[in-house]
Amino acid sequence: MNQEESNLDPESVRALEAILMVAMEPVAPALLAQLLEISQATVEALCERLAATYEAAGHGFQLVKVAGGFRFQSHPELAPYVERFVLDGQQARVSSAALETLAIIAYKQPLSRSQVASIRGVDPEAVMRTLQARGYITEVQRDDGPGQAVLFGTTPLFLERLGIASLEDLPSIADFIPDASVVETLERSLRVVPEDPMSPEQ
Amino acid sequence: MMKYAVSTPTFDGPFELLLHLILKEEVDIHEVSLSNIVTAYLDEVAKMQTIDLDLATEFLLIAATLIELKTRRLLPGKDDGDLDDELALWEERDLLLVRLLDCKTFKDVATVFSDLVSRADLSFPRMAGPEERFASLMPDLLEGVSPLRVQRAFMRATAPKTPKVIGLEHVAPIRASVAEAIITVAEQIRQAGHTTFRNIVDGITDKIEIVVRFLAILELYKQGRVELEQLRRFGDIEVVWLGVDDESIAIDNYEG
Amino acid sequence: MNQEESNLDPESVRALEAILMVAMEPVAPALLAQLLEISQATVEALCERLAATYEAAGHGFQLVKVAGGFRFQSHPELAPYVERFVLDGQQARVSSAALETLAIIAYKQPLSRSQVASIRGVDPEAVMRTLQARGYITEVQRDDGPGQAVLFGTTPLFLERLGIASLEDLPSIADFIPDASVVETLERSLRVVPEDPMSPEQ
């Protein structure tokens, strides 16, 4: 253990490493705090320092926070070796239609299938069924309205697939509003009355 | 029998197609021409030979709005005197604009998601689980699971997916009346032998009703009952009856 | 990285760490040698030195050689924490996905992972590994076909946990399997255009 590593409380750090080594999915800081009888803030701090220590030491693995919990994973720089090893464990590709549907659900959740349909302009049934089967979206509640439509939201597995810790890590939707030139082009092309009534476009 | 196609190979929906055409148009000539866009859009729709009616309806609703916008632009200054029509068109256009902006926004978000996924794919999670020496401590996965529950789980896993019951609310009422409109419009054209779109919608003020009639005519055209022609570039659409009088009109089941 | 660690070929060491971190079971030195394109002796030497380094650094995990292969595991000194974690039961949620996969294997055995995938519509790899780790399913034979796919079946433990003596005691599914005509009717009801003999398209 180098100088930095030994500054951490050894017992808690070792226990963290041991637990995360046997976990099958990201472990929530709250659970780690409970098991180690320390505060959640301490868990977060220890994990962050541990992660930084691994990175600095140049290990082939990382400690990351993803989908609301901490987990060990292989370092992205070693992907060529790990890919050879896992072969059939490759994640299924996500189609662009699926990504766009996920984008809508991620930012607008909870929402119904028909709300997705009205944004996409097509019935997203097949795509949403695939996303549900893969565990990226789930039924979160039912609408209060007359039809009691099923409302959908994203799952922790979705966060894992994107490699982010929480929905808050997604960039703000405001960053994606089309820029003025695009808005102007769209507006101009759909104008009810052309700008210059003397020259109807040809 | 029309084939059941989910989407066209290139465009996943009407907004995506229209967005593509408009933005492409701008790059090409820096001057957006609505008639070019409408022509290109209708060309694409025409290529969708094997499209199912569900999806066709979505594309055609947009086409109807585009054509109306185009028509309106061709008659600048012409005072129809109908403020409701005018307002309805503005409303429709605003809605379309919002949809296109939404479409663009989420397409851009999807690109970022794609990057995130690609980056996440470079790391593989550890999922090995506890060593065997802890096996005896592990709560039993099958605790409280009865053989009957296993059977039910099997049924659930192998059951044919239930017919879709949601998601069509936003188009259902329109499609229902298209079926009716096909009958009335067909009768109207059959009697006239030769008429125009303007005549067919004459006196109709409800925007949706006009769209519904437009769709009905397109359906009759698809069935080979009528011939459509636009003699002048911006002229009215001529509709000519081709059907045989004693032939019954096949009405697609719009309820799905 | 301390003095001792940096004497090792960094790339090979990192690749070893990455592969062993994601492996579900011990990895044979021969396979590691092949993946890293180094000799088996070098693999053994690197792993031993790596194991010693972890131990010296006081990490909560170990690199050990078991069952003829190398693997990461939790350090025995931290067993009390790991036990608490395991007992907590977070690891043992019987998801409906797991139960469905188990049910398919129970009724359709022997069958391969890809056959399960084709029924469930999603890759059941992670779920099947869990079921295998729990001892509910096991590899029973290999397919005769070209790929020689591993075929899975349920274990005596599975029967024991369900409280039944044999697979024949599972409730019958024969009566419930929808026959071809039912499937066809369902499909037809999903079609937008009915097969109407009056339709000119016929």
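Note that the chains are named A, B and C in the order they appear, and that numbering of residues resets to 1 at the start of each chain.
Methods note: a contact is a pair of C-beta atoms (placed from the backbone, for glycine too) under 8 Å apart; a residue touches a chain by one contact, two chains touch by 3 or more.
Note that this is a predicted model, so its numbers are computed, not measured.
Undergrad: Give me the ID of the chain with the smallest distance between its Cα centroid and the all-protein Cα centroid.
TA: A
Undergrad: Between A-B and B-C, which chain pair is linked by more C-beta pairs in contact?
TA: Answer by contact count: A-B.
Undergrad: Taking the mean of the CA coordinates per chain, how far is chain A from chain C in Å?
TA: Here the centre of chain C sits 24 Å away from the centre of chain A.
Undergrad: Using Cα averages as centroids, what's the distance between chain A and chain B in whole Å?
TA: 30
Undergrad: From the mean C-alpha coordinate of chain B to that of chain C, what's the distance rounded to whole Å?
TA: Going by mean C-alpha positions, chain B sits 42 Å from chain C.
Undergrad: Please set out, as single numbers or ranges, the residues of chain C touching at least two other chains.
TA: Where chain C meets two or more other chains at a single residue, that happens at 18, 21-23, 72-74, 79, 82, 85-86, 91, 120, 130.
Undergrad: Quick check on chain B: which residues sit in contact with 2+ other chains?
TA: Only 54, 124-131, 134, 164 qualify.
Undergrad: Under the stated contact criterion, what part of chain C meets chain B in this complex?
TA: It is residues 18, 21-25, 71-74, 79, 82-83, 85-87, 89, 91-92, 94, 96, 98-104, 106-107, 119-120, 126, 129-131, 133-136, 158, 161-164, 169-171, 173, 176-178, 182-183, 186, 189-196, 198-202 of chain C that touch chain B.
Undergrad: Going by the contact rule set out above, which residues of chain B touch chain C in the complex?
TA: 1-2, 4, 52-54, 124-131, 133-135, 137-143, 145-151, 153-160, 163-164, 223-224, 248, 250, 252-253, 256
Undergrad: For a test of understanding, state which residues of chain A touch chain C in their complex under the given definition.
TA: My answer: residues 1-2, 5, 10, 13-19, 21-24, 27, 31, 35-36, 57-61, 72-75, 77-78, 81-82, 84-86, 88-89, 92, 130, 133-135.
Undergrad: So in the complex, the part of chain B that touches chain A is made up of which residues?
TA: 6-7, 12-16, 19, 22-23, 25-26, 32-35, 37, 54-55, 58, 62, 69, 72-74, 76-77, 86, 89-90, 93, 96-97, 99-110, 112-114, 116-117, 119-131, 134, 161, 164, 166-170
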